[in-house]
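You will see subunit A twice below: alongside subunit B first, and alongside subunit C after that.
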Partner chain A sequence: MDNETEDIRICSDPSELAAVRARVTTQAEAAGFGDTEVNEIALAVDEALANVIRHGYGGPCDQPIEIRLERINGSEGDAIHITIRDFGRQVDPTQIAGRALEDIKPGGLGVHIIRTVMDQVTYTPADGGGMQLIMTKKRKEQ
Partner chain B sequence: MSKTDALSVEVVKHDDGVVVSLVGSASMDLCERLNAALLDVCQTKPRVLVIDLARLDFICSLGLGCIVVAYLRVTKHGGKLMLANPQPTINDMLTTTKLGGLMPVCSSIEEALARR
Partner chain C sequence: MSEVILDISREEAGITVQLGGEIDLHRTPKFHQQLAELCAEKPARLILDLSQVNYIDSSGVGSLVEIFRRLKKEDRKMILVNPSDRVCGVLEITRLDQFFTIVETTSEAKTL
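And now, the complex of A and B:
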């Protein structure tokens, strides 16, 4: 197994998201994902960070968010693992769900998008407060 | 980290409706601007509102939410909202969220205006 890891630390400022998307895009491309999957991965990270900023911290722009990007080259195939750790409000993971898309209203699409475009999504309350989200996308064989 | 996103919203009135062109990235920090621009247009109660996505590189779920709000406002007074020219990544997101099935997606502004 040969893994590459990049750690990113940002504040809960929405203006940070574009730069994170750029880093995620670079890592996903380096992992060999195609254009569509690269965009999906960057979108999932953006949505997850937006949820942390809006719901985990509730607005302040100076709270810490830690992001780990891991490119996995393993015997079961290549993948990218993304871990997002915040120190905000803890929630019951079973309560984190996207709304039914048949309800035509503006909010609640982010979790649905994350769960649709990523292969594995796991929310857990983190030791010491806050939440940890681990998302995995496996690279399809070309 | 560097801050690189930008979004401009261009509004052009036609005889057949209003075309709003989104240029750049509709990311979280810029959605307030998008929402305000769309609500300004909705207040004019257009019979047809076309949102041109040809030069939109990225849109987050909040940005889609702004479009949903505009859709609800336009249809409330009997108007129509249509999307035009989405790039493949935007089109994928419309499919993922099923919004592409809610709002007609056209391949050109002209086609959208003609479908009023």
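And now, the complex of A and C:
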């Protein structure tokens, strides 16, 4: 098992998203994912952060968000493991669901995207307040 | 213009907007406001050339849905042109590729 970890701390400011996407892209590429999967992983992280900014914190741009990117080289295959921790509003994880796509309207697509492109997605209320999201994407054998 | 709207051309067939760069939560509010202002000009067609857009998130596609609905209410059209592979991927995940009219060229869009 040979893992590499990168910790990123940002504020809840949408102007920070592009830089995070770039760092996620670098890590996903280093983990050996193909272009499509790299883009999907960056999109999932972006959507998760956007949800924290919009719903977890509800607008202020100065609230903390912690992101951990872990490249896992394990006996069960290679993967990227992403943890996003905020200190905003706590919600019941069972209430976090993407909306029905048949209902065409703006909004509500972020969770659907995350659950579609990542292999495992787990939301939990964090100790001390806020939410923790753990997402995993496994690398397909080439 | 903005970081996302690179060029706007007005013709009898409608308004063609060349978009580029990354459309995310940071840039969508201004992008959306500018598209809404173009809708207010009541074009027959709003043609959005996405060939130079290299990233779009759910806030961006949500904006496109809202603009589409706004135009449709007035019997006007919104047509997407030549989205990049990355943009196509997001439209497919959200199944909006089946909802929007998507063509390969702006010339084709002007005939719809």
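As a convention for this text, the second predicted complex is superposed on the first by the 142 of 142 C-alpha atoms of A that agree within 3 Å, B and C clash if a C-alpha of one lies under 4 Å from a C-alpha of the other, contacts with A are read in each partner's own complex, and residues count from 1 in each chain.
We adopt the following convention: a contact is a pair of C-beta atoms (placed from the backbone, for glycine too) under 8 Å apart; a residue touches a chain by one contact, two chains touch by 3 or more.
For clarity, every value in this text was computed on a predicted model and none was experimentally measured.
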Query raised in the report: When the two structures are laid over each other on subunit A, do subunit B and subunit C clash or fit?
Result: clash
Query raised in the report: After superposition on the shared chain, which partner residues are touched by A:Ile10: those of subunit B (first), subunit C (second), both, or neither?
Result: first
Requested in this report: Name the contact category of A:Thr116: first (subunit B only), second (subunit C only), both, or neither.
Outcome: both
Query raised in the report: Which partner does A:Ile53 reach: the first (subunit B), the second (subunit C), both, or neither?
Result: both
Query raised in the report: What is the contact status of A:Val91 with respect to subunit B (first) and subunit C (second): first, second, both, or neither?
Result: neither
Report summary line: Winner on subunit A touched-residue count between subunit B and subunit C: chain B
Query raised in the report: Taking the superposition as given, does A:Ala22 touch the first partner, subunit B, the second, subunit C, both, or neither?
Result: first
Requested in this report: Go through subunit A and flag every residue that touches subunit B in one model and subunit C in the other.
Outcome: 14-15, 17-18, 21, 36, 39-40, 43, 46-47, 50, 53, 101, 104-107, 109-110, 112-113, 116-117
Requested in this report: Write out the stretch or stretches of subunit B touching subunit A in their complex.
Outcome: 1-5, 25, 27-29, 58, 60-62, 64-66, 68-69, 71-72, 88-89, 92-93, 96-98, 102
Requested in this report: In the complex, go through subunit A and note every residue touching subunit C.
Outcome: 14-15, 17-18, 21, 36, 39-40, 43, 46-47, 50, 53-54, 101, 104-107, 109-110, 112-113, 116-117
Report summary line: In the complex, the residues of subunit C that touch subunit A are 22, 24-26, 55, 57-59, 61-63, 65-66, 69, 86, 89-90, 93-96, 99
Report summary line: The answer for subunit A against subunit B in the complex is residues 8, 10, 13-23, 35-36, 39-40, 43, 46-47, 50, 53, 101-102, 104-107, 109-110, 112-113, 116-117
